[in-house]
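Going in written order, the chains are labelled A, B, C and D, and every chain counts its residues from 1.
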Amino acid sequence: MLQKEGQVRIPSGCAISGFISRDGRRIGGDKIVKSISYMHDRSNGLGGGFAGYGIYPEYKEQYAFHIFYNSNDARVETERFLDRHFDVVNLSRIPTKKHPNIVNEPLIWRYFLTPLPTKLASSQLDEREFVAQCVININDRIDGSYVFSSGKNMGVFKAVGYPEDVGEFYRLDEYAGYAWTAHGRYPTNTPGWWGGAHPFALLDYTIVHNGEISSYDANRRYIEMYGYKCNLLTDTEVITYIFDFLNRKQNLSLEDIARIIAAPFWSEIDSGKYSETEKKKLKYFRNVFSSLLVTGPFSIILGFDGGIMALNDRLKLRSMVAAEKDDMVYLASEECAIRAICPDADRVWSPKGGEPVIITLNDK
Amino acid sequence: MNRYVIIGNSAAAIGAIQGIRSADTEGSITVITDEPYHTYSRPLISYWLEGKVADENMYYRDKNFYTDNNVEVLYSRRAEKIGKSHVTLDGGEKLPFDKLLAATGSKPFVPPMKGLDKVKNSFTFMTWDSVKAIKKKVKKHTKVLIVGAGLIGLKAAEALYHLDADITVVDLADRILPSILDEDAGRIMQKHIESKGTKFILGTSVEEFSEKSAKLTNGDSVDFDLLIVAVGVRPNTELISQAGGKVDKGIITDDTQLTTLKNVYAAGDCTVSHDCSSDTDRILALLPNAFMQGEVAGKNMAGVEAHYVNAIPMNAIGFYGLHIITAGSYDGEAFTEQDAEKEVYKKLVFKDGLLKGYILMGDVARAGIYTSMIKERIPLADVDVELLKTRPQMMMFGRARRLEKLGGITQE
Amino acid sequence: MKKVYVNEDWCLACHLCEYYCAAANSGAENMIKAFSGGKKPIPRIKVEEGSAINFAVQCRHCDEPACVKGCITGALSVKDGVISCDESRCVGCYTCVLSCPYGCIVISDESKVIQKCDLCIKNNNGDPACVKGCPNGAIVLEER
Amino acid sequence: MALNYYQPLYEVIRDKDRCIKCQACARQCANEVHRYDGEYDVMISDSKSCVDCQRCVAICPTGALKIANNPNTFRENANWSSQIMTEVYKQAETGGVLLSAMGNPKEYPVYWDKILLNASQVTNPPIDPLREPMETKVFLGKKPKNVKFNKDGSVNTDLPPTLELSTPIMFSAMSYGSISKNAHESLARAATELGICYNTGEGGLHKDFYKYGPNTIVQVASGRFGVFRDYLDAGAAVEIKMGQGAKPGIGGHLPGAKILEDISRTRMIPMGTDAISPAPHHDIYSIEDLRQLVFSLKEATGYKKPIIVKIAAVHNVAAIASGIARSGADIIAIDGYRGGTGAAPTRIRDNVGIPIELALASVDQRLRDEGIRNEVSIVIAGSVRSSADVVKAIALGADAVYIGTAALLALGCHLCRSCQTGKCNWGIATQRPDLVKRLNPEIGYKRLVNLVHAWDHEIKEMMGGMGINSVEALRGNRLMLRGIGLTDTELEVLGIRHAGQ
């Protein structure tokens, strides 16, 4: 029997796309579906997914959990766990539309939650850490249950299938957000599992990723020292955890994180282009976080509360294009995916390897 | 453009040409020689006679030497007189010069001997022509009488030995090679030569010659077919003395080889040298000496200052296959080692804390290290004397001196 | 001019330089042939052994070479700074042996004429055989 | 002795057609195996004294010599091998402890050879190190647990003391005394040129080598030889030697005969006295004592130098390492049972300790399980034989490796394993001036530099093949490894999957 994510490490190639309105204008999900559909050949029907930010304005104070259940029993057990730890404000099945190409769907539920104040207090953790640990707990311990989205005012939608079919299946035209990312998957040796589709998310961090990192096990064995469990054995998962660790736990800026995971080469550091202070900092990062250097080809789009960030590996072994039009910024594996939704961009460019493109809302 | 004139065509002349040309490639050089030959090596005449050296190997420098150095040679001409700025040649022709070198060499000394004029086959042993004449007269078993057991006489004897002549050597002295060997070494060499069939009659001289016989002072008489007189040489100094230059045993020069005459230099066997091993002035009739004096003269003639110092008597020579190397003076405390059986002899002479002279016979390897000790006046205190006595070796010098000598490194 | 120098700190007195030299100049195609049948070609380099210090000595190719100046036949000459001997013109008078301050003129056992280091320019050896053969880098060819 | 109970191990074979009797072999053999007999004009060999160091074979200009195993055999016995029998005879003869040198030569499994490396195909491009930057620089030392910020919000980039290496290879501890001054100079100069470190071992630091201090690890061992303020200040790091892979649990012994003037001065002991390193440090009988020494040394060096604690790989190495990681040490060096030595009791060398591969895997995992892997760097030693071994070690979790035997091989060692005799014909493990001279540091250091450069190139090639362009992405990256012919237990200890999985 073929093994699924978590049982075996699965390399995969992919397509990614994303955009943001710096003014915070909410844009319909159909746009991102259209964009990713232009890179149909970069996926093979074994996974597609989206992340939308600003899509739940009515529940923006609650954590929105999207959960796959393999069975009703799993749902019951999970809901018991949720009830013990959270005040569940709202729960429902996520609305979907039958689609001929999307089959074997699990039970897909959505919960808007707030941590129970007593539980949170007794855990002595900050709220986000509490929520993150709960997510990791469910995914690690409850068989047949998988939280695939857990941030506030954002949501991940993913499935096995081509991304445009997945978009239709989740009725994304009915959502609107200030930023969207999308992923079309091309795994090389798996039937694809719904949970293994991208984006991968923890809290409001989502990652869509194209590539196959060669540093995987070095990164995994490091990050697992800090309470993370890389259950899926995917690049996206470990990269997400690295962002979470460095940004949320170590309080490092996204720019600095880029300097850690796609660190400049020593030849560049010593080339004289950096000031002594910058050099010292780069050297510090390459020393202290040497195990978080990510090598091998990757292009990623990180979604987070209030922005998106794109990053290539330092050799730029994967394609990634960026474009700008008015308040909009677009990012995609191929230019066609941008042109499809923004034919008259003011500026189109190809970000350099290791140099992050970070876009945040104007009011953030 | 300087006009250089050189009288003579042997080692000193060649040295001078090389010396001049190292500094002046433009000036004209004229060589005057009373012989008809391209420059040849006089010491090779015995080898030629013996047949060891062919005609083409007699020459001291290759055929193109004069052309390559832009030298004009006047063959078979004699310089009759030296004037202030010209040389008068035989026939009265005048050759102008700016700088002149007298490299006139020496001539055999033939003392007045009763009845010598009756001897038809009487020769000296100095020039190619002389040995050419000898060669015509010598066959197997030709009886040869050589008067003189010095270097020239014995070189002649060795050559004739190879031609299977029947050789007798007569000398007034009671030992052979007295100028370079001490008694012990002379005895070993004498035995060696005698073992090859050459006879010596020593401590006696010729009282009177008849055409083919010599009556000796000891009453014996020796029959011969051919006579070679080799009792010594005399420097050719007449041209200089006639021109008013100072002459003693030979031509007097300073250490730039300048004579007491303006613009007139002298070099080679015709001059007096300063022997630094004995601190005396004497004639050092040696080819290396002649060449180096010539070279120094040539440089000075061309305006480059050079000095000839550290001259010492030295000889490297072999007789009948037994080799000797000697140098310096034998006046001092001697260290000797000998094995007469094996024909090996070593004598080292020390004086004033210096090595002054040596005789090596049989085993002559690396003798130059001793020579350098004498010439450079390296104090014995600076070397391991035991090693020095064992054999010539660089190990006897201290590390610093070795580094300097062998490594080209001078330490502070 | 590049010359051969010996660093006495590293000379092991293995005498291999002598053998490589002798073989290279023997005309034989390899060392085994050079020494076959009891032949003992004479090297132009000589190892001196002391109690703690050893070194090899060979021609210094002097700027003012006493050997060349003293040579009675013209067999020794300097070309491009390298002093070499035309052995066909040597008569074995050993004036050069007398003159060389380093003891670097050697006498052939067979012909009795002299031999000396010519930095291997006359054989097909390339760099001097002693330099190439030294197992401890004690012999170098360099400019000083 | 009337009877020879055992025969020489080797036989000198001389091809008389090739031998030119140059006597180089005779001059070069400190064991006096070769001799020229002038009377008969022949070379004579005494095989009995031969240790098969190959010096004569290497120096022979005509290739006339070979050293072969002595074909003489005792009656075959799978249990009582010729070697075991010979050792019994020797001990019956001498009554002594058997001594050997260099690493364990027995046929225990070499796990490096049972681990295979990965390479990229299709889904991930291999990287060509000739075209793209490929990085092997590593830092050894403690890493801060959390990023600290300055008052202005900028990152505080101060770091604990660190060793920076251009490539993850260092020369392991070999004392001046056990090896020659020229060997030390070769190592010191090579380390300096390479931008790595060499290690003084427990023999102190010769005054001539203080200038190589920035590339020197100074060792403090149980004998405390040569340890004083200037020595500690001279090094880039201080290593506390608790144990050695070749002889875990025992100390060292350099015979008085080798304590010559220079060594006596460097070790700070009287000339001619035996240099005895006790089995334990007599001020360390437990882990808390170690902590005191670690901090004593930090105090003595102003907290400017990383402290390394070196241990032999023994059965409970993971727990010991965990203790060391919590002792304040910055680096742990673990020496496997195949590590070399200048002299060790044969039985200890051949029977005590565990393979470094297994020790490394379990230590790295244990420290990660405890979340303290960043407290220390791990350096491993004990027979790292090639760049492939280095790559495998790093993928298993090492930060860097020490090479000792390989470095000595580069200097000429032929593993005759006779260091204890002091007659090393290659000028390495000897103090005899005529033998020491055979190792010209000018040649020696270049050979070491060549070796490490070559390995560095190969490491880069292998990393490039895996699609990794910096060595830190290889460290602990066990997915790049697969076992071959290993049991489930071995795979579990190594933390790798079997080839094909």
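In the analysis below, a residue touches a chain if its C-beta (ideal position, glycine included) is under 8 Å from a C-beta of that chain, and two chains touch if they have at least 3 such contacts.
Here the structure is a predicted model, which is why all the values come from computation and not from measurement.
Enquirer: So which one's got more C-beta contacts, A-D or C-D?
Expert: A-D
Enquirer: Based on Cα centres, what is the most central chain?
Expert: Chain nearest the centroid of all protein C-alpha atoms: D.
Enquirer: CA centre of chain A versus CA centre of chain D: separation in Å?
Expert: 47
Enquirer: What whole-Å value do you get for the distance between chain C and chain D if each is reduced to the mean of its CA atoms?
Expert: Roughly 43 Å, centre to centre.
Enquirer: Using mean CA coordinates as chain centres, what's the gap between chain A and chain C in Å?
Expert: 79
Enquirer: If you average the CA atoms of chain A and of chain B, how far apart do the two points sit, in angstrom?
Expert: Chain A and chain B have C-alpha centres separated by 104 Å.
Enquirer: Can you list the chain B residues in contact with two or more other chains?
Expert: There are none in chain B.
Enquirer: Based on the touch definition given at the start, go ahead and assign the chain network to line, ring, star, complete or other.
Expert: Basically the chains just string along in a line.
Enquirer: What are all the touching pairs of chains?
Expert: Pairs flagged as touching, ordered by label: A-D, B-C, C-D.
Enquirer: Considering the complex alone, what residue numbers of chain B touch chain C?
Expert: For this pair, the touching residues of chain B are 11, 15, 41, 43-44, 47, 52-53, 57, 59-62, 287-288, 291-292, 295, 314-318, 323, 325, 327, 364-369, 371-372, 375-376, 392-395, 399, 402, 405-409.
Enquirer: In their shared complex, at which residues does chain C touch chain D?
Expert: 9-10, 12-16, 19-20, 23, 30-32, 34-35, 52, 133, 135-138
Enquirer: Hey, which residues of chain D end up touching chain A in the complex?
Expert: Interface residues on the chain D side: 120, 123-125, 127, 132-133, 135, 137-139, 143-144, 146-147, 149, 155, 157, 159, 162, 368, 371, 373-374, 397, 466-470, 472-480.
Enquirer: Residue numbers of chain C touching chain B in their complex, please.
Expert: It comes out as residues 3, 5-8, 46, 48-50, 53, 55, 57, 60, 66-67, 69-70, 72-74, 88-89, 91-107, 144.
Enquirer: Using the touch definition up top, name the residues of chain D that touch chain C in the complex.
Expert: On the chain D side, the touching residues are 17-18, 20-24, 27-28, 58-59, 61-62, 433-434, 437-438, 440, 442-443.
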